[in-house]
Amino acid sequence: MRMRGTLGLQVLAGVLVAASLFPFAWMALSSIKTLRELYTVPPSWIPAAPTLSNYVKVLLESNIPRYFLNSVVIAAGATLIALVFAIPAAYGFARFNFRGKRFWQASILAGQMLPTAAIIVPLFIVLRYLGLLNTYAGLILVYMILTLPLCVWMLVGYLRAIPVELEEAAIIDGASRFVVLRRIVFPLALPGIVAVMVYSFVTAWNEFIFALCFALDSRVKTLPIGLAEFSTEFNTDWGAVMAASMIMTLPIVLMFLVMQRVFVNGLMSGATKG
Amino acid sequence: MNKTRRMILGAAAVAPFARLAAPAVAQTQEIVWWAPNWGQARAEELIRRFQAENTGLRVKLEVTVSDGLQNRVLTALRSGSPPELIDIQSGWNVPYAATGELMPLDEVATQQGIALNDFLPAPLATARHDGRLMGIPYRCESHALIYNKGAYREAGLNPDQPPQTWEAWVDAAKRLTRRTGDGRQAFGMGVCGGGEVGNLMFRCMPLIWMNGGSIISDDLRRAVVNEPAAVEAVDYYCSFFTRHGAAPPSTLQNDGLALRRLFVAGTVAQYQSGQFDIGAIRNENANIEIGVAKLPTPPGKEPRAVLGGWNFVVPRQARNREGAAKLIGFLAKPENMGMYTDTFPARVSAMELPRFRDPILTPFREMLPFARATPPLASWVQIVQLFFDNTQRILLREATPQDAMNDANRAIQRLIDR
Amino acid sequence: MISTPARGAAALRASAQGRRRPDFVARHHGPFFISPALLALIALIGYPLIYTAWLSVTDDRGNYVGFDNFNEILDDRVTALAIRNTIVYVGWSVFFQVLLGTAAAILLNQRFPGRGFVRSALLVPWIVPAIVAATTWAWMMHTEFGIVNYILVEAGAIAEPIGWLTNRDTVMPALIAVNVWKMFPFVALMVLAGLQAVPETLYEAARVDGANLWQEIRFVMLPQLRLVLASVTLILTIWGFNGITIIYTMTRGGPANRSLITPIQIFKQAFEFLRFGEAAALSVMLFAFLALLTLAYLRLFRAASED
């Protein structure tokens, strides 16, 4: 695609980035402030005596490193399982007509329509029945429930945008459905798959209330619980929370920086690559 | 890293995929104890001693956090697989008991030789429901007036003579509302008008009580928050903000924590809180000279406070009740309670320990006998919410105190009648 | 074989003209593909659905009480207020999330130096844990401590600090702004992925006809994004009706219930007031409403979903 008004685009992008990062910059600055400087009236932007003590505390004196590992396993597991279920389901909805399709597609969303407050107790009972309380597998399943519906729905949209003719041609050439899925649909839908992957991972990464109730052991607890552990009944170690939030956020941003290359500019580049 | 070590690490990482909590029957000797993160080190020490005394019993500590504690406790209670022992805020003892999911502890107290007559009456009252003992209090505290001595001097007040009457309190607040040396606006009083509803209740309810009023009658049958004594007290509390301009503009978003931070920043010079704030203030701003006093009263009246604290409870469906009873018996011993509590212990004899003798704690200690438990009603939290919503209307200047409290009274009466 | 550019391009052009062939496989293939996901969801979420429905018609002791819980909660004066607030909050939030998110995605799909960085940076609001973001915003909007007031006063934009979260007229807009800030990157991500399916040939054709950027958006991108945008809107709406973190952290529904929304009311009924039956009743009503909304949506987009 030709460059169009590059400067204008950059200015626009700059404004958007500034608006997005403004609170984040405030958090980053807070994470290197001393306790005395965190709460002043009027507030101060730049710390007079920047300190890394919050990071030292988070990395060496808290459960954050262990919880980081737990979060990686759980978020990756949940993402993987959600995709394994979602891709075929989305393909089924996008490519075939069958009786009750609309009802079934709506019912995929059913779990999202109940507030967390309503499902937390029964879900606890289900997990206990399955013997999955306090396990990675339990949280992975719970997060799969959370993320699967969106994955299916969004992928239906992405798959429908892929011309069906490509698949027809392959089938006429004698390829099986699964070969078609793997060799044609998957590569063409890759941007969409990456988008829902990022979504699933981030959702599982940040979820608090289910993790709080279903993971009682520090071998399973996740990062958001680690953030809550910097608070006591009447106090919060805000500098540490901010430092831990940085440690939680930046790896995901970097991960996306690498992955965003799949978003090119249009289908042709995607099709020729696949 | 050698191979074996890598394998062990690998196994440790994989272990959580399998069930960690083995089925009930396999570990009847295990006692699961949910204790908050800030007391973790002390809890671990107590567990070590307990296991040394009781060989064959094993306590598994599961750490809870303040955020979402109710969610976690209620989810466990309602789903039928709770731990053996839980630390809860005393205000939740009666509501939890009313769900029928807690175990009465009268017999445990007798059997374990817990001398209930050694407990302060107010904490014990937080654990009573329908005439039965539904928890064992271990920690209690009450608010006092915390003030900035330096600010007092600046405003020409005597830092060694904090206000004793309501009138003097307002006067002091008005004089402390001033431009400071560096030209910043400072305020005389921190009024709690936002955040968690309990924060306001802890600060406003004592004034209602001191003035001879209440939110509901002693027989728990009638809402009385629109009667003159209560309305006058609510009006007095709000007037720091609404009439005297002695509380900061942020009042409606300030909870207890925000008030402390405004105090630390030098923006408010007085506010009500408990001893847990003292260490934090010293930590965050060593330049502030902290004064603590008993809460001022209407002329000739006694001070009052809302009792805060924590209790141990045992869920009805706990699997190892016998172990729970033994652990409670151990934790309720004066020396253990004295070590475990964050503020004051609920037992009189434990109060003699040296750690409670710090002079700055004296006013807090003196307030304790005047502290009362909140009414033992299952719907108390909802009543407080109604009181809170309507007090916010006064602070928003949307309603007069009388009108707001009339509305609150009507809604509370409906709840009680239900 | 099939992905040779020439053949692919031909196929693309065919589809771009909206010509679709009838279904070319047996009807039972659809159920075969969707059943694993459905079974997994039913296995895990079926019991919670039944449990909630049962809870909504029983009392604390598990006795059947008919519609008592429903009557009780509908009688509560707060309920109507919360529903009104919810509609305002969700309506404006979703509108701006989709608008801003789509605009950002179109921008991020253009070519300019530093695009990779901008794409990642824009995701930050959504990646930051909601509770941390909300607490940070609450402090930034604090009347005394807040950097927002400080900047505005210093810049001379306002004379006095504004009580963003304490003023009845600013609290909802402030919360909506935070919610939009938090979720527009998610929309941008989803739409950006959708834009990848727009064939280059369409842009080329448009340019041959002398289309400007706006016309490209209007006639090339938006038609292709229809289904993606519709799904995102529906899902954001459903989440909006169930999301509590931002408001609960920042105002707890105050001042004087000005920002109380239905999911917070449900949360309070259940975990603060311990009135689980009423919370379940309200949940069931919310569920019914959202289910109808979803079915209505599917009917509306029937053409797109069934061809």
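Letters A, B and C name the chains as they come in the text, with residue numbers starting at 1 for each one.
Please note the rule applied: a residue touches a chain if its C-beta (ideal position, glycine included) is under 8 Å from a C-beta of that chain, and two chains touch if they have at least 3 such contacts.
Because the structure is predicted, anything quoted here is derived from the model rather than measured.
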Going by the average position of its CA atoms, which chain sits the greatest distance from subunit A? B
If you tally C-beta contacts across B-C and across A-B, the winner is A-B
Distance between the CA centroids of subunit A and subunit C (whole Å) is 15
Between subunit A and subunit B, what distance separates the C-alpha centroids? Give it in angstrom. 37
Where subunit A touches two or more other chains at once, the residues are 39-42, 121-122, 125, 208
Expected list for subunit C, residues touching two or more other chains, is 131, 144-145, 270-271, 276
Note the residues in subunit B that touch 2 or more other chains, in rising order. 67, 71, 74, 78, 261-262, 265, 267
So in the complex, the part of subunit C that touches subunit B is made up of which residues? 60, 72, 77, 131, 138, 142-145, 161, 163, 165-166, 168, 251-252, 254-257, 268, 270-276
Subunit C touches which residues of subunit B in the complex? 67, 70-71, 74, 78, 95-96, 98-100, 193-197, 248-253, 258, 261-262, 265, 267, 378-379, 381-382, 385, 389-390, 392-393, 395-396, 398, 411, 418
So, in the complex, the side of subunit C touching subunit A is made of residues 1-3, 5, 7-9, 11-12, 14-15, 20-21, 23-25, 27-34, 36-38, 40-41, 44-45, 47-49, 51-52, 104, 107-133, 136-137, 140, 144-147, 150, 181, 185-186, 189-190, 192-201, 203, 213, 224, 227-228, 230-232, 234-235, 238-239, 242, 244-245, 263, 266-267, 269-271, 276, 279-280, 283, 286-287, 290-291, 294-295, 298-299, 302, 304-307
Contact set on subunit A toward subunit C in their complex: 1-4, 6, 9-10, 12-13, 16-17, 19-21, 23-24, 26-27, 30, 39-43, 45, 85-86, 88-89, 91-93, 95-99, 101-102, 104-119, 121-123, 125-126, 141-142, 144-145, 148-150, 152-154, 156-158, 160-166, 168-171, 173, 177, 184, 187-188, 191-192, 194-195, 198-199, 202, 205-206, 208, 223-224, 227, 241-242, 245, 248-249, 252-254, 256-257, 260-272, 274
Contacting residues of subunit B [partner subunit A, same complex]: 12-13, 15-21, 34, 36-38, 62-63, 65-68, 71-72, 74-76, 78-81, 89, 184, 256-257, 260-262, 264-267, 274, 276-277, 280, 283-285, 342
